[in-house]
Amino acid sequence: MASSLLSALESLLFISGEPVSFGRLGKTLAVSEKEIHEAVAALSAKYAADEMAGLMILEDSKTVLLATKPANAPVVESLTKSALQENMSKAALEVLAIIAYRAPITRTEIDAIRGVNCSFTLRNLLLRDLITREGNPSDSRGYIYRPTMKFLQVLGMANVASLPDYETLSQDERLRMILQEELPASEEELKDTI
Amino acid sequence: MALLTTSSFVMSYHFRSEQFEGPLDLLLALIEKEKLDITQVSLAQVADQYLEYIKQENGASLENLASFLSVAARLILIKSRALLPILTFSDDEEESMDNLEQHLRAYKLFREAAQKLGLLFEKSKAAVARESFLGTQVVFYPPKGITKETLREHFANVLGEIPVFEILPEKELVAIITLEEKITTLQHTLRERAESSFAEIISTAQDRVEVIVSFLALLELIKQRFIHVEQKKFFSNILIKRL
Amino acid sequence: MASSLLSALESLLFISGEPVSFGRLGKTLAVSEKEIHEAVAALSAKYAADEMAGLMILEDSKTVLLATKPANAPVVESLTKSALQENMSKAALEVLAIIAYRAPITRTEIDAIRGVNCSFTLRNLLLRDLITREGNPSDSRGYIYRPTMKFLQVLGMANVASLPDYETLSQDERLRMILQEELPASEEELKDTI
């Protein structure tokens, strides 16, 4: 890989400050998305291997973000006088765990797993920028939810795959069955049980 | 044989005061308290405690009442199957009983994951990003072709998207009322079919939830058309005979 | 020199958008100014020697600033342009409309009205000079937002009251409901400042 590509990538991530999509990086640097993925992986490995480096790369399936290494959080927070701390309720943690491990996921599916309506908790997490929603291509009235970079930032984690038991939980087959079921809270089913 | 024992089990104060995240959270807590695995047998075993909890919490204080009742109905099925092996169940009912068990196992995975996530939030240090395009010169760049009317349309859209929170409890209330209405209708026809008096249960019930839960229990069995229930007095054993 | 000092220094310079004094860096990192000077020199030499690096250090006698390498200026400029001058997203237009109809308005209120966190969108609108922000007199950590005069002029208005259906839309019942939900006290205060 050309060292000039890595250098340019680092400059772009530095200036952007917010998550940038692989697509936009590829376009700006006039290389394929595959090459961008490789360059991001190389830069990420370079930071990880270098103890003198103070930076790390966070990524999700579509975007990349440059941030400070978690080990330096105390000095960073003392300079900016602000801390990324989150107090999480039991409900918020459950919904967040479901979204983090199973994204992209619809509200109906989240409600189904927890067996209760989760709209209040979802709104709360959206306002705190820990999750994001986008239109659901297969249901115009619904949204699909994903964890945000802010979620990774608060945890100081490079990606969701670093979450404990990620492989197991993100793949678990039982969930597919649950999600195919009706919602336990739905009116339909209530009527059926009479 | 008592399907619903209201007096034989008194839950500790601690348990009642705990806030549950929903019916599955409650059910898991009950199973874990008894140190049981998630099986049909353990579900039958904790069914009474589950129903008792709903009654003690007096329904109205429970969020997601409809969800609690829906799980209650499944538990009643499971319990009646455990008590009355002679009963046969439709494929749908068998499936709904198995599903509750599967569902509980799946929910447990995430409840545990949430606990681990909570610990991570407590002990982890953050990765801090820069403010975007720091040091970039501000350049006036209005959207092409924007008018006052564009803003009005977008603002009206935003207003239309504001969730009306009252809708949620209302919807649930409708579900409960529908449930009650159906029960009343059924009660009327069943009175002619069965010999027991449901009016008595209603007159002594402490609250609406108790009526609903009690009836769900009886109706599930009657729905089979294999049984017939008799009850000498409220809170006494419910006598069940095969028709 | 301890690699942890260089790492922490890089983190601090990364998050500071403006030049930081050697004194402040020393204080934050709990080392002498002499050590900070040495660390800055070492970091600067590290960037210069590494062709894969996209960053460099700019310094004068008192302050230090992290910046992108001049060789990458063309791509940096191209990314900045594409991010700030592309067609505005629906989200950006909605936030702009909320600020126009409800100015002066806090970020918490904007977030509450849209039901999602709007920080990136606000940043983009600020960089495009469509909105301004100023310190919030009733909350030192927050800002209040208004449309810029330039933007109002483009719309052919002297003030926001000339927006279509301004009276009705800006006082819509749903806004009162959602804002009371999240911020019981702040609306009154805001009205006072109008």
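Chains: A, B and C, in written order; residue numbering restarts at 1 for each.
One rule holds in what follows: a residue touches a chain if its C-beta (ideal position, glycine included) is under 8 Å from a C-beta of that chain, and two chains touch if they have at least 3 such contacts.
Fair warning: this is a prediction, and the values are worked out from it, not measured in the lab.
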Central chain of the complex, centres being mean CA coordinates: A
Taking each chain's C-alpha mean as its centre, the one farthest from chain C: B
Euclidean distance of C-alpha centroids - chain B vs chain C, Å: 45
Chain centre separation in whole Å, for chain C relative to chain A (CA means): 22
Distance from chain B to chain A - Cα centre to Cα centre, in angstrom: 30
Chain A residues counted as touching two or more neighbouring chains: 14-16, 18, 66, 68-69, 71, 76, 80, 123
Where chain B touches two or more other chains at once, by residue number: 128-134, 136, 163, 165
Of chain C, residues touching chain A in the complex: 3-4, 6-12, 14-16, 20, 24, 28-29, 46, 51-55, 66, 68-69, 71-72, 75-76, 78-80, 82-83, 111-112, 115-117, 119-120, 123, 182
Chain A - residues contacting chain B, complex: 14-18, 56, 58, 65-71, 73-74, 76-77, 80, 83-84, 86, 88, 90-91, 93-94, 96-98, 100-101, 113-117, 119-120, 123, 149, 152-157, 163-165, 169, 172, 174-175, 177-178, 181, 184-185, 187, 189-191, 193-194
Residues of chain B that touch chain C when the two form their complex: 128-136, 138-144, 146-159, 161-165
Complex interface listing, chain B residues touching chain A: 21-24, 63-64, 66-67, 69-71, 73-74, 99, 102-103, 105-107, 109-111, 113-118, 120-121, 124-134, 136, 163, 165, 168, 171, 174-175, 178-179, 182-183, 186, 216, 219-220
